[in-house]
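Presented sequentially are two complexes of chain A, the first with chain B as partner and the second with chain C.
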Partner chain A sequence: MSITTPRAPRLTRAPTAPSTSVRVLIVKIAALAIVDAISLYALFIVFAQRDWIVFAAIVVVTVIVNVVYFSKRFLPAKYLVPGVIFLVMFQVFIIGYTAYIAFTNYGTGHNSTREDATAALIGSSQERVEDSPAYGLTVVESLGTYSFLVTDPDGDVSIGNADNPLSPVDNATIEGKVAVGIPGYNTLNFSQIVAAQEAIAGLTVQISDDPNDGALRTPDGSSAFVYRSNLVYDEAAATMTNSTTGVVYSDTGVGAFTANNGEELLPGWKIEIGFDNFARAFGDESIRGPLFSVALWTFTFAFLSVATTFLLGLFLAVVFNDRRMRGRRVYRVMMILPYAFPAFLSALVWAGMLNRDFGFVNQVLFGGADIPWLTNEWLAKVSIILVNLWLGFPYMFLVCTGALQSIPDELQEAAVVDGATPWAVFRFIKMPLLLVSIAPLLISSFAFNFNNFNLIYMLTNGGPRDVSAGVNVGATDILISMVYKVAFVGAGRDYGLASAFSIIIFVLVGVIAAVSFRATKSLEELN
Partner chain B sequence: MLTTALALTACSAPAPGDSTSSAGSLTVWVDADRAAVLKDAAAEFTKESGVEVKLVQKDFADIQEQFIAQVPTGKGPDITIGAHDWLGNFVTNGVVAPVELGDKASDFQDVAVTAMSFDGVTYGVPYSIENIAMLRNTALAPTAPTSYDDMIAMGKSAGTEFPFIVQVGPESDPYHLYPFQTSFGAPVFGTNADGSYNAGELTIGNAGGDQFATWLAQEGAVGNLNISLTGDLAKEKFNAGASPFFLTGPWNVADAQAAGIDVAVDPIPAPGPNAAQPFVGVQGFFVSAKSTNTLAASEFLTNYIATESVQTALYEVGKRAPALTASFEAASADPIIAGFGEVGATAVPMPNIPEMGSVWQFWGVTEAAIIGGQADPVGLWQKMAADVQGAI
Partner chain C sequence: MSGATTAAAGASTATGTRRPFRFGRWFRATGWRHGVGVVMSIFAIFPLLYVLSASLNPSGTLISANALFSIFDFGSYIELFDLPQQPYAAWYGNTLVIGITTSVCTVFLGAMAAYSFSRMRFVGRRVGLLAVLLVQMFPQLLAVVAIFLLLNGISDIFPAIGLDSQIGLIMVYLGGALGVNTYLMYGFFNTVPTSIDEAAKIDGAGHARIFFSIILRLVAPILAVVGLLSFIGTTNEFVIASIVLIEPEKQTLAVGLYQFVSDEFSKNYSIFAAGAVLAALPVMALFLYLQKYIVSGLTAGSVK
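Now for the complex of A and B:
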């Protein structure tokens, strides 16, 4: 009672405040409660995985969200915070991470830490001694130490552990043909073995006093085999020694154990290598050679793609915008169809239709001609532009239609009254007004086509290739598909180099976009 | 006495290792088709060992990249399904642990175990083997051809659009043309005594390679090989009865039969002096290098996956020839499987050494250029061999 009484006056005051604000407050609290609950759940998971960076990030974001929405201040932040968080998560972080990878040697053979590489090398250097028998195994334990109780194929039983090499015993309990127990030791059953499997899988028991005879290990807890390792790791010196050839491999700072003659043991590990990837991007002959022609074609392709799609889209938009045209709606729907198919599916269909011997285009449209649409260097370029025109004009048609319809009819009528020809109306009134709203879209379309990997990959895969050139780059490869081939086709993956290229392309496209946007601004001021 | 001992072990055993919650559960990546079969094997394994098996479905094509990327973070699976030609990449990245097949190795077909080995160490438990062979439309060609020329002659007399079909495509298809290449005595790499490939010995550019290049140009000129004939088209044409012969794998058999064609599987006729050996692809299971459940994983693979019942069940969902000899013999009651198996017995594993990646990028386009009649075939072939050597 004593609690409710002081509250009563406040409650009576509540109806005087607008009831909507209470509802908004409830919705706000509920929404934030959901956000906080999800964050808390995520925190528990991340805590269990001991991923402290992510943990800290979640804490910071949750605190910011709560402060911004509970406080009466930060009104602009209330609108911006969700967008900024998603921007950081999905754009800034990815660009930052790509930039970081560009400065590492991350790729095939260098994808983890030195500890992992060492463990993997040791693991794969264990070779089973040829013609050695398989031993029946029972894992036994005494005073917390695991031992192997093994039965060789002749039925002789011995026991040994990490410190004591195998020694024969004769008082073991035999079941079937395998010793299953021995006085003084506890026999482990399978679930106990599984419970201690890291220790047991790591256990090596020498078969004699001479380490070169090999050691017993178990892959499954029920059988043991004799292995000999041909790599020895010296932890203090951080070197690997091949015990057969005697070659010493040491960490020379290139991200792998390296011998004096430069031979590397793989796997190595990931290290930061400064600007090496950028130096390779411009210095490596196999990349530098085709770089110029590929860059030229990339610009040509992107420019022509934008120009052709825009001109066709604009032309059709003007035509279908004329009120005298009948059945405009039907035509418009049909025009939009190519836009409704997934682009890479369309590219595949076009690749089939442009097939030299069996394709629809040659067989039906050209009456069985042998036109090498995709296999001739120049025709392949033309085909790509044409297919991209088919794929891209509906978008331009849509935006141009929208922009044309937003231009007031009075302007046109006034011009016509002043005696302007239709061309003059289009050239001096519609076009400038159109460009104000369309120009930014043209720039983004240019940036999109600059990196239009899907189309190139699906239609020609960069081909045709001049096989006498000796580089894996074809006539229709654009920068991004060349990067893909350099970094991912061939002997291994090179994420570092690919990231360096991505950064270079990012800067290129960024500069072009910035310059163009500046130009559009002056366009805006003209009007 | 025994009960006290058991009670004692029960109390003391978990103490030494710091095995808390990690033990007792295995995560396995598997593709959708195989998942249903593994579910039963996993349930049986859980019942007998108490180890829980979590099956995670993955798209087969994504597994290689994801496994390499996720194992180092410690969040990868304990076991993954995969193809043997990924192995070189896996080992170079240090993401797989060796698997000891022990005496079970002899229960598998030799080619399967060789394929799952790298540098003399076995890394995977195989479950299926796959290779191409010559499919024959028995309505158009009632008997198997005795030689390559015989096949072409039979194809011509059948009066169909093509004497025989093999997919080539604008960048050629070295995998499907490889049996013809080996018949001229030009394998890609030399082999070591144990059957593994020797990356130091590139044999693709030998005299046999030149003969093969000449043969490619000649077959391209007469139209038996055509770079416009992509995989889709090749299948469509054969299913439409446009040729009596189709060099392809078991994956196209079901559709051909569905199209009403009565198919037989024949050995591949060799155009050259040697036997025509196709590549064999082997699928199997690998154990992660960072698995903390290696014993349970090995136990699951060697004593459950490697059993006849599981291998036979895996065969029944995918119709890929089983790698375990006993299951293979049972599956050979099907003449199609037996036919492919007969060709596979003489085949060679596709190289799993990472150097193979450098071969692919020059191999296909060069073949395509030769078939298309560009320039001198021997010159192009030698240029390719030099480029590959340079890339390695």
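Now for the complex of A and C:
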């Protein structure tokens, strides 16, 4: 309000306004120039890779940004666009992408296209062709990529690398009868070859576009030999034939070359498999069982977490909400400490304290007892609830204290005058008012604990493991830690199945969200 | 306030004139509260003392950590920085860099969005606010598989922001910038009277000037709260960081310390404890320093 008073002086300063707006304009143009330069650079790279969807996405985003910031209109958009871009890409898009992955067989052995799988299969089964001629070889490097500059036995020179098959060149420097250099590439000397030994030994350069022609590899960095696969790829029939055994593997639509007896050649490739992952999740007994028990435990855990922390927090808030009590601040700081301590560390510290053989709880508190706190199915669940109580009660204590203090004193004074007992005051006046303000926090606390990955994973690692389950899952795993384990822990990663589990969680969370929004609305009407 | 007293302690507190001290009466009024306080304080603080004591006991194993505060020696803190396989100093630096960058950008993006929601009226404003509320129900870690595969795809095109890149990780975190934060800030922005904006507008200030030089200053407390909560959240984040950051040199404390301690739990407990103490110090210090604001932020979040 007070800003309106010095209006006259401001008006006299009006002539300076244009210069500031020019400065702002320059900053704006500079910032947009940087954005445009980056996206142009990105467009070049994407264009080279022929990735048209990404190309279109970058074009659209760049155009939107430029239009929004150059035009005088779209004022709200100027403030919303940056956040929304990140939101759309890393929050909205990934949800859709999860749904897509749930309908594929994406995972170990199925993570690329059929072309890549074909090349990988041929590459991994290569053997040196007996008594093939030696090619003169010079290893050259350009922009960090190694290439083979080869002189074939007839004296023709060509160059190729891991991604590009050999193509003839005519501007190479010839020394003796072997090409030793070519413009645009650095020739590696002996010590450089030794330094990059592994990369060079692993390099295979196809002789032509047809993988069946074989590829060049080098054992020593100075001569190359033809390697050919014992798998022969027939592009027209899309089959793979093992030339030693004669077995024909064909693409039967399961995402891998499959022989008649069902034997699969891995790696295969990614295909869309419809509802197979969901059918597995709900149909396969070895997965359905664990999935249901994990879901049940997730709900139990989230509910008990909220209930225990809330009750303890509320109790403490009531106990310490007394002005006559001294030292309340000290207690308060002490009790906030667990909340201030990073949660992932708390779980790890408790995991140490609850260790069966060496932990403090067994060794000192229970005098050397042998209690399997984290390794027994039921005790592990109890331990998790207890540790979560330690982690969570300070939060509930804080918010309950705040809520209690915001209840006007007159209300209870009136009630006391009317003859209400203290318990009645608490039960019928304070509690309902408290719940109105705390209920939304209880729901978000429930939602948080529903996905409280850190606690579970760091304290028990989801264990003890359920050995009968068809997936890597344990007695204390919650849904999100199950997703993580199926997707990222162990040798067989199954992104498709994990995403199907994720979709199940999305649906559950959506239901909780819908119900809770209704519940809180009705609670607010109380007020 | 006194009502809570009566509620919990009973109506036995008809105090007034000075009376001689009697233990029974004192105990019924406030003494038992001290009893509860002491028990809860021990429960709350004990694990922290335990880890502090373990960190000061360089002989190292889990079992020797049970003798609380028998030795005072900073050996583990020195050893912590000499581990050949575990670059603790790098983890620490990474955590700070990622945490600070993420929280600063989150505050900025969130404040801009909150400003437009609070001060402008446009088509889709209500839907936008609802969407922001809805989005926070679906945390990013639910889509961790898709995040991994998306970054994997990005690395084929732009390795600098793909897998194993801290910039990529920060970008993923910024996807959550317009969630609960915006809602928190929106509520606070609404408490700043619009007459201030209008006055500035009459004086010739543009929307950007109002935002940067007036509003942002007036809402500084909520910016601090959101920034701190975002920093703490990022520091604690394990799931996404563990799949995005691969090289040990690039990892954060959460990922690094977890792997360190799960590899050799009972063996190097003292070193882990030292690492934990150092990791927790800045967060705890900040938290206690800004306690008042955080508590108000926590309650304001949903209470409106």
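Here, the second predicted complex is superposed on the first by the 324 of 527 C-alpha atoms of A that agree within 3 Å, B and C clash if a C-alpha of one lies under 4 Å from a C-alpha of the other, contacts with A are read in each partner's own complex, and residues count from 1 in each chain.
Simple rule for what comes next: a contact is a pair of C-beta atoms (placed from the backbone, for glycine too) under 8 Å apart; a residue touches a chain by one contact, two chains touch by 3 or more.
Remember, it's a predicted structure, so these values are computed and weren't measured experimentally.
Colleague: Look at A:G83 in the shared chain and tell me whether it touches chain B only, chain C only, both, or neither; answer first, second, both or neither.
Modeller: So A:G83 only meets chain C here.
Colleague: Once the shared chain is lined up, is A:G109 touching chain B (first), chain C (second), both, or neither of them?
Modeller: In the superposition, A:G109 touches chain B alone.
Colleague: So, does A:L231 touch the first partner chain B, the second partner chain C, both, or neither?
Modeller: In the superposition, A:L231 touches no partner, neither chain B nor chain C.
Colleague: In the superposed model, does chain B or chain C contact more residues of chain A?
Modeller: Counted on chain A, the partner with more touching residues turns out to be C.
Colleague: Touch check for A:S502: first (chain B), second (chain C), both, or neither?
Modeller: So A:S502 only meets chain C here.
Colleague: Looking at A:A117, would you say it contacts chain B, chain C, both, or neither? Reply first, second, both or neither.
Modeller: first
Colleague: Is A:N355 in contact with chain B, with chain C, with both, or with neither (first, second, both, neither)?
Modeller: The answer is both, since A:N355 touches chain B and chain C.
Colleague: Answer with first, second, both or neither: which of chain B and chain C does A:F320 touch in the superposed model?
Modeller: Second partner only, chain C.
Colleague: Name the contact category of A:L398: first (chain B only), second (chain C only), both, or neither.
Modeller: It touches chain C, and chain B stays clear.
Colleague: Which residues would you name on chain A as touching chain B in one complex and chain C in the other?
Modeller: 49, 352, 355, 357-359, 461
Colleague: Which residues of chain C touch chain A once you look at their complex with the stated criterion?
Modeller: Within the complex, chain C contacts chain A at residues 1-11, 15, 29-30, 33-34, 36-37, 40-41, 43-45, 47-48, 50-51, 54, 61-63, 65-66, 109-110, 112-113, 115-116, 120, 122, 125, 128, 134-135, 137-150, 156-158, 171-172, 174-179, 182, 193, 195-196, 199-200, 202-204, 206-208, 211, 232, 235-236, 238-239, 242-243, 254, 257-258, 261-262, 265-266, 269, 272-273, 276, 279-280, 283-284, 287-288, 291, 295-296, 298-299, 301-303.
Colleague: Over in the complex, which chain A residues touch chain C? Could you list them?
Modeller: Per the stated touch rule, the residues are 1, 3-4, 7, 10, 14, 17, 21, 24, 42, 45-46, 49, 51, 54, 75-76, 78-80, 82-84, 86-87, 89-95, 97-98, 101, 106, 316, 318-327, 331, 333-346, 348-353, 355, 357-360, 363-364, 390, 394-395, 398-399, 402-405, 409, 412-413, 416, 421-423, 425-426, 430, 437, 440-441, 444, 447, 451, 453-454, 457-458, 461, 480, 483-484, 487-488, 495, 498-499, 502, 505-506, 509-510, 512-513.
Colleague: Which stretch or stretches of chain B touch chain A in the complex?
Modeller: 5-6, 8-10, 12-19, 22-24, 49-51, 68-69, 71-72, 75, 89, 91-95, 97-100, 102-103, 118-121, 123, 170-171, 226-230, 232-233, 289-290, 292-296, 298-299, 302-303, 354-355, 357-358, 360-362, 365-366, 369, 372, 374-375, 380, 383-384, 386-387, 390-392
Colleague: For the complex, give me every residue of chain A touching chain B.
Modeller: Listed in rising order, the residues are 49, 108-109, 111-113, 116-117, 119-121, 123-124, 126-128, 134, 141, 144-146, 181, 186-201, 218-223, 225, 266-267, 352, 355-359, 374-375, 460-461, 463-465, 467-468, 470, 472, 485, 489-493.
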